[in-house]
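Take a look at these structures.
Paired with chain B in one complex and with chain C in the other, chain A is shared by the two complexes that follow.
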Partner chain A sequence: MNVFKKEMKANIKSLIIWCCAQVFIIFAGMMKYQGFSDSQVDVNALFAAFPEEIMVVFGIGSVDITKVAGFYSVFFLYFMLLAAVHATMFGAVVVSKEERDHCADFIYTKPVHRFQVIWPKLLAGIINILIFNVVTFGASVFFIAQHNNGDGLIDKVSLTMLALFILQLFFLALGAMFGAVLKNTKRATAAAAGLVMGFFILSVAVDLYSKLSFLKIFTPFKYFEGASLMINDQLSFSSAAILLIVSLVFFGLTFVAFNRRDLNT
Partner chain B sequence: MNILKQELRMGRKTLIIWCLSLVGVLSLFMLLYPSIASQLEDFQKVFESFPPEFQQAFGVADLELSSILSFYQFALMYVLLAGAIQAMNMGVSIISAEVREKTGDFLFVKPISRNRIVSMKILAVLIQILITNAVIFTASLIMVTLLSTESYDFELFALFTLSLLFIQIFFASLGLFVSVFLRRIRTILPISMGVVFIFYIIHLLNETLKDEKLGLISPFDYFNLSEISKNMNYDSLNLLLWFVLVGLFTFLTFKLFARKDLPSI
Partner chain C sequence: MNVIEINQLTKYYGKHRGIENVSFSVEEGEIFGFIGPNGAGKSTTIRTLLSLIHPTSGSATIFGKDCIKYGNEIRRDIGYLPSEVFYYEHMKVREVLNYSASFYDNVDYTRIQSLAEVMDLDLNKRIDDLSYGNKKKVGIVQGLLHEPKLIILDEPTGGLDPLMQQKFFELIRTENQKGATVLFSSHILSEVQKLCSRVAIIKDGTIVQVENIRDMQKHNYKKFTLEFKGVIDVHHFNLDGVTNLSVNEDTLHFLFKGDINRIVERLQGQSLLNMLVEEPSLEEIFMHYYQKEEQP
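Here is the complex of A and B:
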């Protein structure tokens, strides 16, 4: 419990900054929505003129951005990116920070099992990403409601946030695994950051060239689509299952690797 | 002089890895070009068949999809993103590393002023940025020349590629400022990744929203590639803003660091 409290306290500042950035992005994005809904009257007729390939390449899809749900669904990509950076970095740092700060000598000589040190740290991580998620949810519902006659689309947004949370969990587990397996914080954050960038670049390449679509399975950014979450109310069950299982495996690996770790003092 | 040499030697390995990965990202996208070039020409024809109002609404009015540079512009965006992270990493780490790795006790007791140390370190960052840009410029020149079937506008190519230099200098100076502004920095990547991604997402958001005020926030918008290709030049207001901000950050770095209380072992 003490470890958990300590970690929460240590991360509260950065969590506040992250949440503020997120709220600002939602605010700035929704602020301009009014212009969209007023200016373009019959977008569906316009879309009908497009060949399908073009819509896919330009990421317009079948989304009607003059409707608030369609407009908001575009944000899902931004949420994924920010959440991925936040969760991965949190995971990578939280597991390895004692050695970096040269205080491993103090915490790991306490009469507790290593497991009892590591799981409160991961729990603190989960609570942190949950707060980030809830703040995103609150800000989304609030700003959507302002532009949608008070209707915050709560059920659609909560489905989107559920998908976001599964992704956050995956990235937290990924970061934690790197933190436990690699030698120090510097290497762990570098490897994790490289992988997040790689996932992102891969997701763009897959969008660009349809023959690469078999690579979709390797990038978590392609597991959920903002449009299908916000418009069709569909959360891909298989995507969620794969991500959760992989996260569990990563968490497991974190525990195993950390138990055998040769701690630098 | 010794400081400069030492910094360059210490940064060499990281620099090589960064250059290789930036070239890797660029070539991944450019290699896709031949396979989708014919597709792009079809799009061009469809867009041209649209009435002018439609073209305006989708921002495809002056789009030259068939030219290789329009595709290069797209690929370069991801190099800019990664390059910004590299530059900010260097900026944040180069001064704060002395305190973090407890080597400050040796460097700052030498009979040289802090200002001199800071200027040598800034010079080292600048040289590494210039090397990165030289590598990217050469690599992309080779790729664009090899892949283009017809002649392309070299001036526009140069303007595109040089925006990497401006963006890197901006993020390096921002990183320097952040590193002397914060009391103590333990891990660099969460800071630089977070800041760069937030600016990048504001830029993405602004691609859809086209809000002038929002455009002043994100440095990625100062060198908006589609604006550059339209005007064949950088926007003078944005360039001025860039100069002022970089100057301000550098000035504050000297000013704050000269008075900073450095903890010792």
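Here is the complex of A and C:
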């Protein structure tokens, strides 16, 4: 409990900043929707004139973005990216920070098993990503309602947030594993950031070149589609199952690797 | 009963040697010195005992239990002061100490206050505002606050002024009298001499010797300083048992271990201006362990 409390306290500031950024993105994004719907321009026709590559990179695929649900579904890509960066960094840092700050000798000479230190840290991570998720949910429903005659699309947003949370969990586990396996925090965060970037590039490549679609399974960003969540109310069960299982494996590896680790002073 | 028993402990960091076949034991209630130059393997040995690192081979037991397997149980009764003290920088001293205490059962929190008073430590300062010496004090309080049965000190006095060192030694002696066993690692021999009953000397990752300090000082070694009238025949005094032989103008210095009469015999017929026979300091006794053997 003491480790959990300490980690919550240590991360509260950064969590607030992340949440504020997220609220601002949703607020600003929905303002643009207002702009679209007011301008009376046929936005779909306008976007149809854009090269497909650009549309793909910005996550604007084939959805009708003049409808609020369609417009909001485009956000999912940005949510995934932000949440991925937040969760992987949290995981990578929380596991390895004592060694970075040279206080591993302090905490790991206490009468506890190493897993007894790691699991409250990961629990703090799960609570942090959950708060981030709930704030995203609240801000989404609030701002959607503003532009949709008071209907916040709670069901659709809830489903989207559930998908987002599964992804957050996956990235937290991924980051934690890097933190436990790699030599230090710097390497862990660098590797984690690189991998998130790689996943993103791969997801764009898959969208652009249909020949590459078999690579879809290698990027978590293709496991859920904003459009199917927001418009068809569908969350892929197999995607959720795979991500959760892989997350569990990563969490397991984190414990095993950390237990075997020679701690740096 | 032995509180610590180290058996052929070996640790390699990849190909780099940490320690090799280190074996020694520390008896209950003693203050045991662990001496060696920097990089000899003192911290590696200690960090293995605390299962911060895993041995390549060999084993160690503390309170009769394997130190890796039962690490969490054993550490309940260990107080440890690392050689380099770092704490969560943004926390206050009091917060760090309370956090530390929260890992133990039945901690007497007034002890934090009283230890801090003895060590003259301000509990309300932030860790990052503290000097090196003051951080060390935090380490000392942190290591002693749960009244451990085994106190492991890794180069504890760095950064402490002489007065604080004195207070610190008193604190350690008090804990020892209350029954705590102490493992005291240092490269400063005089402080080990002040405190310890037995010592292990480590050099280049291997134990060179384990000895009782008093035996070694009182019964074995004498430090000779001989001032001659005229030319000194150095070879005349190069006997078995003579070490650290050196000549400074007309004065001869050496340490001697063995039957004192053999020196007296050699002195016959010599013309002396002055002669001193003293107890050597541990520095002088151990100097030859410290000097690296010359490569052939």
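By our rule, the second predicted complex is superposed on the first by the 240 of 265 C-alpha atoms of A that agree within 3 Å, B and C clash if a C-alpha of one lies under 4 Å from a C-alpha of the other, contacts with A are read in each partner's own complex, and residues count from 1 in each chain.
Here is the rule we go by: contacts are C-beta pairs under 8 Å (C-beta built on N, C-alpha and C of every residue); 3 or more make two chains touch, one makes a residue touch a chain.
Small disclaimer: the values here were computed from a predicted structure and weren't measured.
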{"item": "Chain C versus chain B on the shared chain A, clash or fit after superposition", "value": "fit"}
{"item": "Which superposed partner A:S238 touches (first chain B, second chain C, both, neither)", "value": "neither"}
{"item": "Contacts of A:N149 with chain B and chain C, given as first, second, both or neither", "value": "neither"}
{"item": "Chain C versus chain B, contacts on chain A by residue", "value": "B"}
{"item": "First, second, both or neither for A:D101, with chain B first and chain C second", "value": "both"}
{"item": "Which of chain B and chain C A:L208 touches, first, second, both or neither", "value": "first"}
{"item": "Where chain B and chain C come nearest after superposition, their Cα distance in Å", "value": "6"}
{"item": "Residues of chain A contacting chain B in one complex and chain C in the other", "value": "101"}
{"item": "Contacting residues of chain A [partner chain C, same complex]", "value": "2, 6, 10, 101-106, 108-113, 116, 260, 262-263, 265"}
{"item": "Touching residues on chain B, where the partner in the complex is chain A", "value": "21, 25, 28-29, 32, 35-36, 39, 42-43, 46, 50, 54, 57, 78, 82, 85, 186-190, 193-194, 197-198, 200-202, 204-205, 208-209, 211, 214"}
{"item": "Residues on chain C engaged by chain A in the complex (per definition of touch)", "value": "13, 43, 47, 50, 52-54, 71-76, 78, 80, 82-84, 86-89, 99-100, 102-104, 142"}
{"item": "Chain A to chain B touching residues, read off their complex", "value": "14, 17-18, 21, 25, 28-29, 32, 40, 46, 49-51, 53-54, 57, 65, 74, 77-78, 81-82, 85-86, 89-90, 93, 97, 100-101, 185-186, 189-190, 193-194, 196-197, 201, 204-205, 208-209, 211"}
